[in-house]
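In what follows, a single structure is set out as structure tokens and then discussed.
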Amino acid sequence: MSTRIENLRSLIRINRDVPTIPFIAAGAVLLVLGLIGVARVIFEGHEAVYGATRQVPWGLLIATYAYFVITSTGLAFIGGLGHAFGFHQYARLSKRIVLMAFIVLLAGFTQIGMELGHPFRLMYLFLISPNFSAPIVWMGIFYGIELLILGLELLVVFNPNGTNHKLAAVLGFLALLVGVMATSNLGFVFGSLTARPFFHGIYFPTFLVVSGIAGGASLLLVIYNIVYKFNVPDQFKDAMSSLGKLMGLCIGIMIFLSFWKIISSLYTEPKEAYDSVIVLLSGPLYANFWIGEVLMALVLPLALLIASKAKEIRIMGLAGLTFLIGMFFTRYDFIVAGQMPPMRAGNEGSGVEAINGLMHYVPSSGEWMIFALGLGLFLFLYFLSERFLILDADAH
Amino acid sequence: MEMSFESLKETIFAQSRTLRPGMQDKHETSAWDKNRLDVESALALKNIFFYLSLIFRYPTEQIYSEIAGHLEAFTDFFTDYGGAVPELPPIDDLQPEYISLFVNNQGFVPAAPYASCYQGDGLLMSDNFYRLRQIIMESGFMLDASVHELEDHLAVLLEFCSSLLNTLVEKNNSSDKNLMACIYALLEISYRYIEPLVDDFTDKINSYASYDFYKVTGKALKSLFHDADPIYVQLLGFRSNSTNELQG
Amino acid sequence: MKNKRYAIVLDTKKCLNCKACTVACKFENFVPVGDDTYRIWVTELPLQGKFPHLHQEYQTSQCQHCENAPCEKVCPTKATFTTPEGVVLVDYKKCILCKACMTACPYDARFVSEHHESVEKCTFCMHRVSEGREPACVETCPVRVREFGDLNDPNSKVSRLLSSRPYLQLKPEKNTRPRLFYVL
Amino acid sequence: MKKKLMSRRKFLGLSSSAIAGALFGPNLNMLTAAPTDPFDYSILPKGTREYIASNCAMCVNKCGIIGEVVNGKLHKINPNPRHVKSRGMLCAKGNAGVSLPYSPDRLKTPLLRTGKRGEGKWKEISWDEAFKYVAKNLADLKQKYENRSSVAFASTEGFQEEFYYYLVNSFGSLNTVRHTTLCLSTNIQGWSSVFGSFPDADLANAEYVLMLGSDRAQALITPDSVDFQRYKPKGQKLIVLDPRFTETGAKADRWYPIKPRTDQGFVLAMINVIISENLYDHKFVETYTHGFEELKELVAEYTPEWAEKKCEIAADEIRKTAREFADHAPRSVIYPGRRSSFYSHEVYVRQTFAILAAICGCWDTKGAVVPKSSIKLASHDVMFPFFNLTRDRVDREAVNLVKDVVPSAVQCPMIGTGLPDDSCAFLSEKDGSWITFREAVLQDDPYPVRGFFCFKQNPVQSVPNVKKTMKMLEKMEFICVIEQQMSDTAWYADIVLPHSTYLESWDPAHSIGGIWPIVEMRQPVIKPLFDTKTMFEISGGIIHEMLKIPSLWDDIDPVDLVDFKKNVVEDILDKPIQDYIKHQLVNHPGAYKQLLKEGFYTVDGGRPTYGKTLKPGFRFKSKTGKIELFNERYKEFGLFPLPKYCEPEILPDPGQYRFLVGRTAWNTHTSTQNNPYLWEIQKENAVWLNTGEAKKKGIVDGEYVRIKSKIGEQRIKAYVTEKIRPDCVFYVNGWGRKSPGMSRAYKSGASEAEIIDDVLDTISGGVCMHETFVTIKKA
């Protein structure tokens, strides 16, 4: 008994040299804001608090849900590379990767939980009445399994008796595999929508996986810079450098995918897809697109990565930060732009109120509050862990 | 196993089923021990309900003199819940005030005193109305034939609550088995009909009233029903999860 | 005995744009007043031509009760289902309000109902049909823009209309195979 | 937290209020003990569903309805599929009727004004007090002015209106004003001048339909709105003439954007073509008509080329239309329509329509214009007392009123156009003429009118030039309004009496004439919610109180009074209304049961009968007994006996537009805009402005503009459209309400009463709603 406690104690210490307090505090503030949002939803109802409408049913929360869970699977992917495919540089990061992936996934679940009108119904209906032709079911199943695997991984990597590397490798491989399945199925939730030509097709499942990996790498770069106060120890240099390269590669693929997505949506003006792309290029979302997506998610991080030559960890951290901000816009823009072309023209009597033939959507304060809940949860839990847990793993 | 107040409330809302006296299941009857009724408080609340019922009726001369005559007795109540003792305008001013707020204004009624109007699409006799009529009848009451009002008029609801408390007190010493049905009715009227009304109702009064009388009494009504949980817990002697400390 | 295959055939050339059907639907189906809450609608199609040579048509519409219903496909809990008669319905108790069906519907026929705490839409008034009554929108129309009936019955009004007149369907490119037919 | 909660709840522990309670007075309870104990649960309505037949009253059409009542509450109003008149349809308004009894805004109890008029201070009174108050005021006015006609009675059509007239006749005023002159008085007068009656159109069987200025797709009239589309046979043609491209225009085979006020010219040219090309029905003209030669002479100059300049429709098009019309005769219809309160020469316009029908023989035959048939009900032979202190109507007695005070007499010069300039030539005894009446009251000419009694009319909104209406109301010493809702007019009353809705009341049997004549009746679909009464009960109540005041009966023969008490009060008003109805139906065995079951009753399966007036020996209601193409009585009155073209002498100044009004299918005049289910269809009205004109003014669609006439100004949203002529603007009526309580219609959109000038048609006394010119500016 006492050894167990002793063992557990071996996992815990108070990391005073890691700057956690500001982040925990910020997380707490956001959490409180988020909980106010939750209370509003409970008392006033989804319809009153959220800005989503009949014509734009999916708003900010779907975007933030995707933002979180895909980053989580990106992390799991990198973790999987470390564990299962012998990318030893990543194995050094494994504790943080697993922990981060787990918490980010939880943050994602808060978003979908608050987005769904009946989250509790979902739990038993997925068991007793699942529709296996629905992409959401597969997405749900894979993300459920992902959470389970990440949970098990957590147990394994935080085993006070030392990590069972074999088990960790198996779990890491599974996390990678399931993560890719989950993310591509999330992509297919949109890709399956024939009604929304901008969503329809293989672009989104592919793009999500790639951008997720870049997101995971970014988050790791950012967090390591923070944890080590922009002075990442030499032992992680390999890992960081490799992350930078991975991230650069992914951004390259993203540019490639986005370019052809846009070109194919412009070429001969295929009605709704064309409208959606115009919304991004010169329509209501143009600032989001050019500054948020193109500049912050693609151009700037890539430029910074090149400038860092995969050696300057601080610059790579900065690249990660801009990418993470840019990625938020990328998720939001894609989901909103796809719903901007109305399914029925906004003629008199149609009930559809279109501006210049397009729908409009602005996230409500309530939706921002729920986003704050997710963000707050991540910051709060993760930096609490940083403060009290030993997160440096030794390479195996 | 005794029931907490919260679970009792939940039961009432979860099961919109008939609560016929004498037909309660064992679980319900055992949920409450009549000896725990705070008789004195019950009488006080009964009178408050009745007085509020008088206030939200059209002030005929008879009603007006009742309101005026008993105002002093409720000083504490109004100070605590309404923030002030309401100033009663002369009857010739109060009558038009009542009409313009609660009966008819130019083409509309600003603060309709009907519970139905605060549920559903804002029209009278919405879905829960028939359930209300049923609760009233099953509790042994009905609208007097001379009263041309709907059962969900605030004044009727308040009087009904008052009568239910009266029944609770009067039959407390008897071996009547219907007391639990009384409590069910009281809580359901309070929470399903009156409470959903009070916020909007008082907001409307505040924006349309010319005198403070209905603003203050409205505020008292609103605060009283916002405070209903601990009042009922204390008065009926229920265990509560959230207000345990009060029972200490 | 073959199954019934319910359908609505619309002759929108007759439509007066009087909105009787939309109001009837609201009362019949407890659809609350609200800009986003409606099951059926009457659209003024864009005015054609220049003064004084003008042409305008009105288009009544609602859930298309697609045989290949995208909303049903994407519903994770089978809350949306198709009856043997081909009527697409929502089991309000199974809806988790993920709104996937709303994004999947090419006709914008669905909305969130606070009354049912679920996504809802036109039901072809199945509760009336099962009593031998017509859907409320069909019944109330001054000029009988809509006819409701069984496609498997060769003598039904819908069958006869479809056999005698050309028709079109909305968004055929989506291959949803709607059960609403617009005769020309 | 704990402490605060405890202190706030100190009343529970204190006994002062507990003691006080014991002192509440007796008889204060609204609830009493339920009748049985243990309670009989079977009387609770549970899971019951009833279908109750009645008739709609959301507008004038009285379509058949079947109320679906679930557990005692009206869930839905369904159309009656067997109803002969409404053909199984029910419009948006009819469907929205469900919310009428359940509107919290409705009047619930009699209200007596205690503050200044329009200040909104009311007190509740009992019906007994109300009846006493009304009777006393009637008596006072009668005493003071020694003239029973010093109290005016306004009303509008409806089944209960006949009981209103029990009250009117028991008091003995001759000043009654109805809605007719705001609506179709010119139409009735014009068609009757030719055929002696106002006919219907057999749109179900017509092959060629010519509609001028009627929007049957939106201004719904059953069965016409149904028939003109539902039963449109193959090859049927619909020609619509309207300055606006209406929903009806959209249904037309041809739409002509005719220049406003020139319809008469178009039809005269058609007559010219038909006569000059010998296309008319010689046999019919010879057999049935009078004055063909004179007509021929008159129209000789009205060639299509002449008309083209007036109407701005190509001569060839007019010629084509005339030939087609004659070609399809007698299954050709020139549609009489309903509201015709358009122009000051409107009677002649309608006379011209009728003449076109007559010369083509499109009369009283299948698919033509057909005189109304009706099912005769037994009437109660009621003799009201003859009152000595009763003077003739103000709008009849006021000599020269028209010329002196009605602006139209100046604006649209009458002399030389065959329009009278002294008073209304053919004023209806019962309907009166709203504009003339109001003018006479304002002038106290010929005598003061100081009492105003109003049954379900809302003149503040519905009569043009609201300022004058308000002045008229200010003059009144007593105003009583009987209404369902606190209308704009009720708000200015001294006493308001709440009337039951049509879904809660018994209404008497009513014979509705037409090609498909029926009898209708109403029974309560639901139990009344509040302390409201029907006009039957209100009349009874007031008359009983009047009988208690001797001064009200001192100018009649005492024998008359005894008869009156027996025949009117005891035998009718004191008995259940069902007795009254049964007596009405005494000649139709089984009708009462049929009415309870179906809401309507027909004879001979409701099949139309054609040709009654074409049988030998039939006399038309005209001087010659024939169809008068040349009206002999008009000649006697110094009017044009023939429809000579009436040139508009006053034309709009440059920059002015002619203002037109109309309706939508989802609102009835001014009465339904506050209904949530209708309000959500249209939340405000908008002024139609031609695209080209808007461009000139830099006005864009959806922008707010100011519309200004001689008498007022309104702010309204612009609807920039190709669907209207450049020289007109239009908006639908019923918006821009005075009452902040019409919470939905208040200050949204614009009111027509605020800008329409009070121009008068001096033959029938009708108002002319399209004789106002306006300017439009960006707001």
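Descriptive notes on the structure:
Just so it is clear, A, B, C and D label the chains in written order, and each chain counts residues from 1 on its own.
Definition applied: a residue touches a chain if its C-beta (ideal position, glycine included) is under 8 Å from a C-beta of that chain, and two chains touch if they have at least 3 such contacts.
Since this is a predicted model, take the numbers as computed values, not measurements.
Of all chains shown, C has the CA centroid lying nearest to the centroid of every protein CA atom.
Chain centres here are means of the Cα atoms, and by that rule the chain farthest away from chain D is A. Chains B-D form the pair joined by the most contacting C-beta pairs.
Averaged Cα coordinates give chain A a centre that lies 65 Å from the centre of chain D. Look at where the CA atoms of chain C average out and do the same for chain D: the two points lie 36 Å apart. Chain geometry summary: the mean Cα position of chain A and that of chain B are 50 Å apart. Taking the mean of the C-alpha atoms as each chain's centre, chain B and chain D sit 46 Å apart. Looking at chain C, residues 17, 19, 33, 35, 58 sit in touch with two or more other chains. Contacts with at least two other chains are made by residues 676 of chain D. Among the residues of chain B, those in touch with two or more other chains are 121. For chain B in complex with chain C, the touching residues are 120-121. On the chain B side of its complex with chain D, the touching residues are 20-21, 38, 40-41, 43-48, 50-51, 53-54, 57-58, 60, 62-63, 65-66, 69-70, 73-74, 76-77, 80-81, 92, 95-96, 99-100, 103-109, 112, 114, 117, 121-125, 129-130, 133-134, 136-138, 140-144, 147-150, 155-156, 159-160, 163, 223, 227, 230-231, 234-235, 243, 245-246.
The touching residues of chain C, counted against chain A in their complex, run 17, 19, 35-36, 38, 41-46, 58, 61, 70, 73-79, 94-100, 102-108, 110-112, 114, 117-118, 174-175. Chain A contributes residues 45-47, 52-55, 57-58, 115-119, 121-122, 125-126, 129-131, 133-137, 140, 189, 192-196, 199, 339, 342-345, 347-353 to its touches with chain C in the complex. For chain D in complex with chain B, the residues that touch the partner chain are 2, 5-21, 23-25, 27-35, 37-39, 41, 44-45, 71-73, 99, 101-105, 107-109, 111, 114-115, 120-124, 485-488, 491, 496, 529-531, 674, 676, 737-743, 746.
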